[in-house]
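Dumping the structure here so I can ask a few things about it.
We just call them A, B and C in the order they show up, numbering each chain from 1.
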């Protein structure tokens, strides 16, 4: 039988607020255990939550950016369950009335085609603490620093049909939240993670199969691998006549497999009800309009503009819009250069990206700034240097030897465009290689490249390649 | 004789240097020491704290930097968190709990210069109407030691009635200030929901809980309530509305006051003598220029079952934080995590608390939510609408606070429903978030009974004025529970 | 009895409350009588009435996003002895 996979994702994006969603404790990562867990976060008797304005603003930004419905009235509810990383015995979340409902997201797939994925909802909630399972004499240690960090849980429709689509969707959200500056998207620190709901069904069926929920996937690679493993596992079960059990599973990246979570085995009854400590969140029209004004150009819009106005390929446009900072850098270069966006694109996504990657730096930490790069590219455009020489110049700039012009000057890299000088070199080369000259003239056209090479060597690559070709062809012809 | 003075009188005496704060504090501490053995109204007496605070208050008075409450002693219900002092909430669960912070109510009264004598006994987690569910044993009513003082603020009521403290704080979720005030013959004020911050008040049912005062009279309530009320940034449900001068409007005329009497309050459950006391009080009001109007509020009949869905539902969730991990009771040698939870909670909570957690868990659980919790929220709306409707026609509502005077210890502990029905007249006020006051209005079988006054939202000034004018005409509130307390 | 022993045991488990064999009968009886008592709500005509979650008609106030709390771990952990290296200790959690 042929099977079809159906995937829905619940992405948890930590919102990059300074303080927690319901308390004034810091959200900074990596502090001493429990040093950033205040009385509210610890669920101390008598403590009450007060909602962080920025958490709301950031959720609204996300809603507006995805064309979703931003609820004028949303309500916080309590999700009740006992777990040591959940100090109050309930998580404050949104249930019946989330702040963001029904949106759509354009996802660019690997082959460049566009897929629309529906967003069911996005709601605000508080993160839980962390359990540390290193052995404390057979005990588990609990760190509540993360407890109360604001989360936006973004729930997709079950509309993705393979792991690659799911990853493309997750990457799109990842890019978007960073564009909007609502999350740092740091997956290694757990600021951006997802649960995947995976099911399979016979191809052509319109009924969803029984799903399993894979918890806490914190890298794109893990998402892909966990889904692929899970799909195979479910197909194996079904093909051998078994039934998939609805359950929560954990992905083990070391063994590359998913396994049932014992702690979540029992059927949960979360007893949601409106949190009486918090009032309905009512958003005025003017508030939403003000936030709409702060929205940056979104990655999808920018990609289209780069293709339509800059003449970039879909691929280049995709690469350059992967982060807001990269797009900004590229646009700075183009603006200063005043022409040749394609050249700028090649350099930003080629040489520059390579150098950054090698140095382990982020675009915002680039040693060569956009102005310096643009000035260097200007020397290619005005024929002062060739593209090949430019690579050496860039390397020298990267190692701090100065501006493009200083390096060209100091190293004498200025391109030779004086045709009489080029002619003189060609004459020398022809004189020094009589054998090859004779062979060429007797029909060995392939030797043309040999002569170009000799001329470039003699000029240390500084001769203008187009001119060399031109003059050489005439001279060789005799 | 110092102990018989009201808050206002103590304030005047301190200002006039008739005695010092240290002197009255010492006097009351020694009264607690000798008399509270029989009453059990205090869980913790904070003598050292009190004397230090009194000495500081005396300095403030001497330097002319005193407010009206500076140096006046007070007792706090043990539901309010007090920095550095055990805050037990009447439970074994918190027997070893020392709060690292002050509740807003405590902090504000501390700032006003009040001197905390100690923490008063209460029903465990404020769940009870007789103070018999306390881990620290029942409180005895000073009017008759065989009877209950009411609950859950039973310790506060007994302490003020016995003149061990001129004022005590309380909390009222379904009648927990008004009912004990009535049974102990004192004045109890439950303000509008949102009037007083809930920050630092250990939650029972968050949408119903409200802090208030237990005092000898309405004037004292006005003084103390004014100091503890007002917006608090730590409580999202705290109202930003300005606090008027409650004391300033106490003497306004009641000429033309429209008094509504819900006929549902004068039902067959009401003791006839209690009813007679209420009717006599209405006559006093008539003589003060008020007009009396029977009103009907049919949905009130469902207030007790509504309350016993909403309150346990919220409580079941509020009390989940007591899990033995970060504070509170933890069982010995748990075999695993679930065992730690179940035994810590099973051993740390008393019977009534567990009963309410179970009830609340049940009404919120899958399959029952709509039938119980959601339905109760809808009936709650109907009850609130009934109040809104009658307040278009009358200024205040009056009726009994309780169906009968104090009952004997153990009389209602066997059947929870019988106990719950003792709050039949007070619960509606909490469901609608309204202010309510209970003032002494007579005696039945030598035990005090109360008249309940109910106002519209944020009408505390009016209610205190109405209560005060009655107390200018009557002396029920000045009666003492026997010669021991003279 | 409107509730069965099994139902009551399930509720006790959800609420993480230990109920001993000796107590269970009384708990079933009490809880049943309470549920029977509140059952009278089912009869109320609440057709299109909106549920009331709060007594006051107010909306949520928003707090400025700023860090106002400092590290007071030592103080806050004074209410438990089950602490090591700043972590709260619980019996082993199995995922």
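Following the convention adopted for this analysis, contacts are C-beta pairs under 8 Å (C-beta built on N, C-alpha and C of every residue); 3 or more make two chains touch, one makes a residue touch a chain.
Worth saying up front: this structure is predicted, and the values here are computed from it rather than measured.
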| item | value |
| --- | --- |
| A-B compared against B-C, more contacting pairs | B-C |
| Central chain (distance from its CA mean to the mean of all protein CA atoms) | C |
| Mean-CA-position distance for chain C and chain A (Å) | 41 |
| Whole-Å gap between the CA centroids of chain A and chain B | 57 |
| Distance between chain centroids, defined by C-alpha means - chain B, chain C (Å) | 23 |
| Junction residues of chain A, two or more chains touched | 39, 42, 44, 50-51, 82, 84, 142, 269, 271, 276, 278-279 |
| Junction residues of chain C, two or more chains touched | 14, 16, 53-54, 58, 60-61, 63, 72, 76-77, 82, 88, 90-93 |
| Sequence positions of chain B contacting 2 or more other chains | 97, 100, 207, 233, 236-237, 316, 320, 323, 325-327, 337, 341, 361, 365 |
| Contact set on chain C toward chain A in their complex | 14, 16, 53-54, 58-69, 71-73, 76-77, 82, 84-95 |
| Contacting residues of chain C [partner chain B, same complex] | 3, 7-8, 11-20, 27, 30-31, 33-35, 37-42, 44, 46, 49-56, 58, 60-61, 63, 72, 75-80, 82, 88, 90-93 |
| Chain B residues touching chain A - in the complex, by the definition given at the top | 80-81, 87, 89, 94, 97, 99-101, 103, 198-203, 205-207, 233-237, 313-314, 316-317, 319-323, 325-327, 337, 341, 361, 364-366, 369, 373 |
| Chain A - residues contacting chain C, complex | 17-19, 23-26, 31-39, 42, 44, 50-56, 75-76, 82-84, 131-133, 136, 138-144, 250, 261-263, 269, 271, 274, 276, 278-282 |
| Chain B residues within the chain C interface of the complex | 96-98, 100, 193-194, 207-208, 233, 236-237, 239-240, 299, 302, 304-306, 308-309, 316, 320, 323, 325-328, 330, 334-343, 345-347, 349, 354-355, 357-359, 361-363, 365, 371-372, 374-382, 384, 415-417, 420, 430-434, 457 |
